[in-house]
Every structure is written in structure tokens, then in C-alpha cells.
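The chains carry the letters A, B, C and D, assigned in the order they are written, with residues numbered from 1 in each.
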Amino acid sequence: MSEEQFAPPVGAFTRSVTIRFSHCDPAGIVYFPHYFDMFNGLIEDWYTYELKHNYAELIMGGRFGFPFVHIECDFKVPSRIGEIIELTLLVERIGRSSLGIAIVCHRDGLVRLRARMITAMMSLETKKPEPLPQALRAAMEAYQYRTAPQTRA
Amino acid sequence: MSEEQFAPPVGAFTRSVTIRFSHCDPAGIVYFPHYFDMFNGLIEDWYTYELKHNYAELIMGGRFGFPFVHIECDFKVPSRIGEIIELTLLVERIGRSSLGIAIVCHRDGLVRLRARMITAMMSLETKKPEPLPQALRAAMEAYQYRTAPQTRA
Amino acid sequence: MSEEQFAPPVGAFTRSVTIRFSHCDPAGIVYFPHYFDMFNGLIEDWYTYELKHNYAELIMGGRFGFPFVHIECDFKVPSRIGEIIELTLLVERIGRSSLGIAIVCHRDGLVRLRARMITAMMSLETKKPEPLPQALRAAMEAYQYRTAPQTRA
Amino acid sequence: MSEEQFAPPVGAFTRSVTIRFSHCDPAGIVYFPHYFDMFNGLIEDWYTYELKHNYAELIMGGRFGFPFVHIECDFKVPSRIGEIIELTLLVERIGRSSLGIAIVCHRDGLVRLRARMITAMMSLETKKPEPLPQALRAAMEAYQYRTAPQTRA
């Protein structure tokens, strides 16, 4: 569990989460599935506030779903009740109906955990993958472009 | 499920919660145990930010616990993904080691649900009830006084 | 937290639950919202295996929901990781579309916690209360009759 | 999401999980963090019932923890309320204090999801990695040997 530094790219979507009593296990640290729940909340807010596509509306109105097809996660430093951690979302790859993102959880410039997740847009009616709507894709591409590592230079 | 109006007393501790995808069940409304989890988060913030007694510090440093001994809850109006609801905490009764609170969940001036909860302060070491420390009790009493219904008049 | 004994009525629907690491909080005891989740699981199994009305089918096929309108709960004795607790469901009152039940959580003949919950059957389409179907009501009444306290004599 | 068949090796530790209302999201399928919670329950039971090392006792008595350092997961087929799925645990690699496992979630001989997880045994007192105790390691090695793929031949 070596130290890994992290500074979010300028303009990257970052949200703070307070570690709650309910997040923590008998060892006093966050029980790991709660991180994935935090990630989903981050993604919801990213759609709504950064991409300007209301997530709840996409689900309930558009009848779209965004199930994960692949997740990988490295846990570096545990988090404890009362700490405030930062979650930053970065786009890695935009496919026809799939989206590859990275989520970095950090505090004080050090990585706590780091996840890569691939989600696929699907129709809740047909249960089939659905191509990303053009406006949504454009918003994702613009976000990816403006937060790409080279833009920090 | 009749309509019930609610205006928080001036100075009452209120926090907003965004209803997440993960809060909602196959019927598209909040799965009820999540409300209790929101309540615990509200109480944590009330200790820390309103009473100025850091909740995490009380638990991990002071080795105190605040288990519930009684809960009752009336559910009036369901909540849906994407809605932002308000939670207001009111003090009903302060005992030697027990605390009776009410939590009203509301939106647009209408009650969504309303809970009454009694918690008891206990030592995590002795597993016995612990009298509320004087400074904490004073902070609770001051809060109860300044948010009592008559102060709205 | 005085001791309270409990012996389930003959024929009462009882299920065991193993307390998991994930149920427990930094104090090493079950975080209370998890009990409500266990209760919902008990109710699902009661519909399916005792009343012979498949719960999943009622929800997904019948498009019915069973939201709670009232819950009250007294917590007597905390539960810890690795313990196996028993949950017993008893019927208190059957209304037109509502059902009042009691759930007693016990171990070694002693009550751990005790809840009373009122649920209302509703249509997920109309969002209105729905009268309990006759066959379901008959199964509930038969269960209530055969597990009523007097039948223990 | 191509079909992938799976038959657990003879003697592999497998447990059934009923998909609950509470596991499912507004799309009617299991909300993914719940799978990780199921995995932890499977691991607890594997320690206790297969390796004959009581998990709760290791945590609360031995003051050991088993945090995850790496997780990866491929989601193939969603699961729905009322379904009973099977979880099978296989050992991939036993290190000094680390353990690499695979968990396959399947039903009717088809993979639903498949995870690889690396956990490290640590002391809750020193917060440092702890070498696996010899008896626990021996039990893990014996399990790995008797459930290795070649034993299916």
C-alpha cells in the first residue's frame, strides 16, 4: 500500500463525501461496498450537473439504464468515520453505447482508492444496449477533452 | 395518507438529501430502511455542526455509542429518484442518558414522513448507559429551547 | 433494557438470520437500519413460503407494492457478528388493503427487538391502495388464526 | 454479454442467495454493490464452515481484519427479484498475508458475474499486514488443492 499522489486535472468533476458511522465496519473503516455506492452517486451528479443530462430523468423518463459490465478497484488507504474524502471522475473511453471511466478517491493529495468502471447504456424496455444519444455523447467527449491529462500542462 | 403541512421552527437544524438511484426500489420509490440511514447521518451532522460536539470524535475518541431504544415512524408520501428532500431535527425530551428527538422529512412544505426516536448514550467499554456530559446536555437544551414551537409565534 | 422472554406460537413463521460483518457498526453491533432490511426479507419469505403467494410475482407480475405506512420498534438487546438470531412474524390486524404485523427478533428465548409494522397493498400503476385479493386475505386470516396466542394453551 | 457456462469443481464451496426486493433497483435488477456484500457473506461462511476458522472469532477475538486490496468483476447477466443464484468460491493464490480468490455467481450452469478479489490479513491493533496463521494457511491450501480445476478430470 505505497503512497500515491493525485492532483485532479483542472475542471475535473469532484465531489466530497463525509464518511458516516453507517459506512464503517467493526474495524472502524469503510466497508468496501459502500465505496461503490458513493461512486454511483458521483456518476449521477456528473450526468446531472456536469453533462447537464438529468440522471433521474434518463432513468425514469427515458427508460434507460446504465449497468456496469466491468469494474476494477485498487484500495490503497482506508477511510474512517468523520473524514471527508474527495471523489474525482475522469473519462477513459467512449464507445458506441459504452463508457469507460476512472474514479479516484483521494484526500490531502493522496490516493485512497482508484477504480475503473465500464458502463453500457441500455433500454429498460428492450433490455438491449442503446447507442449513446448524440447530445450526451458530445457532452461526454467535451468533458473528456477538457480534463485530459495533457490539459494540465 | 392525508396531506400534512410543515414549516420548520426558526433555527431548526435542516439538511437536504438527494434521492439516489440506490435509495430506490423496483417500485421506483425510496426503500424505507434508507430513511433510517439518512436520519443517522442527520443526527451525526447535528452533533458536529449544531451542537459543536464532533460525532466521530465522541464515538472513536470518547468510546461512546448512541444506540436507539425506540423508533416510530409514519410514512405519508413516497420519495422518488432525483428529488431533494429536507430533514429537520427537533428535540422532544432530554433524559439523564437518553434523548428523544423528532425527525420530519418534508418537501415543498408538506410532510413526507415523520419519525420519533429515542437514543441512549452508552459507554462502548462498559456497555452501560452513560449520563450525558454536561456540555453536551447544555447544547441540547439550548437547541431545544430555541427551536421550541412557541418560538415560532 | 429489561429481559423479556419469548416463545413463538406453534406454527408461527420463523426464520434465522446470521449476523454478518456488514451488519455491524464501529461499536461491533448491528447498525439498526439493517434490522428493517431483515424484516422485509422475512415478510417476502412469509408471503412466498407460508401464504403461498410468491412475493416477487406479486411485485413484478401483479404490479403490486406493499409500502409501510407505520413502523414502531423497541430495541432491547444488541446483536453481534456471528450470532444467529430468530425472526418471528405474527399478524395483528387485517384491514381492507392494510396489514398489521408484529415481528419479534429473539435468541435463546429472549427478545432482542420487537417491531409493529403496518403495510398497505397498493397498485404500482394507479399508485392507489388496492383491496387485498380474496385468496391472499384468506391465507393471512388462516395464518392469524392458527398462530393466535390462545392456540398455545 | 455472451453466454458463459460454469460447473463448480467438485467440493467447491457454494452458497445460494435469494434475490430480495431490497437488492433491486428501479430497473428491477440487482444494484451492483449488493453483489459485493453477498461476496463478503460468502467469504465469512467459507472461513467458518469450510476452513473451520470462525470468521466472527477471527475479527472480534483475534482482532484481525481482512480488507480487500484489489477487486475486479465482470457482470454478464443481471439478476432479478425472487431468483436464487449460486455463489462459488475458488482460491487462486495464497501469499504470505494475502489471499487471491475468485467468486463465480451462476445459475442454471451459466455465469451471472465473476469476480477476482485479493484480500490481506492485517492486525486491527497494529494496522499492519499479518502473516496468515499456519493452521489457516494449511486449510486454505488444502481447499485450493481439492478444488483445483484439474481435480475435475
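Basically, contacts are C-beta pairs under 8 Å (C-beta built on N, C-alpha and C of every residue); 3 or more make two chains touch, one makes a residue touch a chain.
Keep in mind it's a predicted model, so treat the numbers as computed, not measured.
Asker: Could you label the chain B-chain C interface same or different, taking same to mean over half of its residue numbers are used by both chains?
Answerer: Since more than half of the residue numbers are used by both chains, the interface counts as same.
Asker: Suppose chain centres are the mean of their C-alpha atoms. Which chain sits farthest from chain B?
Answerer: Here the answer is chain D, farthest from chain B.
Asker: Calculate how many whole Å lie between the centre of chain A and the centre of chain C, each centre taken as the average of the chain's C-alpha atoms.
Answerer: Going by mean C-alpha positions, chain A sits 36 Å from chain C.
Asker: How far is the middle of chain B from the middle of chain C, if each middle is the mean of its Cα atoms, in Å?
Answerer: Whole-Å distance between the two chain centres: 25.
Asker: Please report how many Å separate the Cα centroid of chain C from that of chain D, as a whole number.
Answerer: 29
Asker: Please list all residues of chain D that touch 2 or more other chains.
Answerer: Within chain D, the residues that touch at least two other chains are 21-22, 26, 28, 31, 33, 37, 40, 59-60, 81.
Asker: Under the touch definition given earlier, write down the residues of chain C that touch chain D in their complex.
Answerer: Touch list, chain C to chain D: 18-22, 28, 37, 40-41, 44-45, 48, 54-57, 59-60, 80-83.
Asker: Hey, which residues of chain A end up touching chain C in the complex?
Answerer: Against chain C, the touching part of chain A is residues 21-22, 24-26, 28, 31, 33, 81.
Asker: In the complex, go through chain C and note every residue touching chain B.
Answerer: 1, 26-27, 29, 31-34, 36-37, 40, 59-60, 65, 67-75, 78, 124
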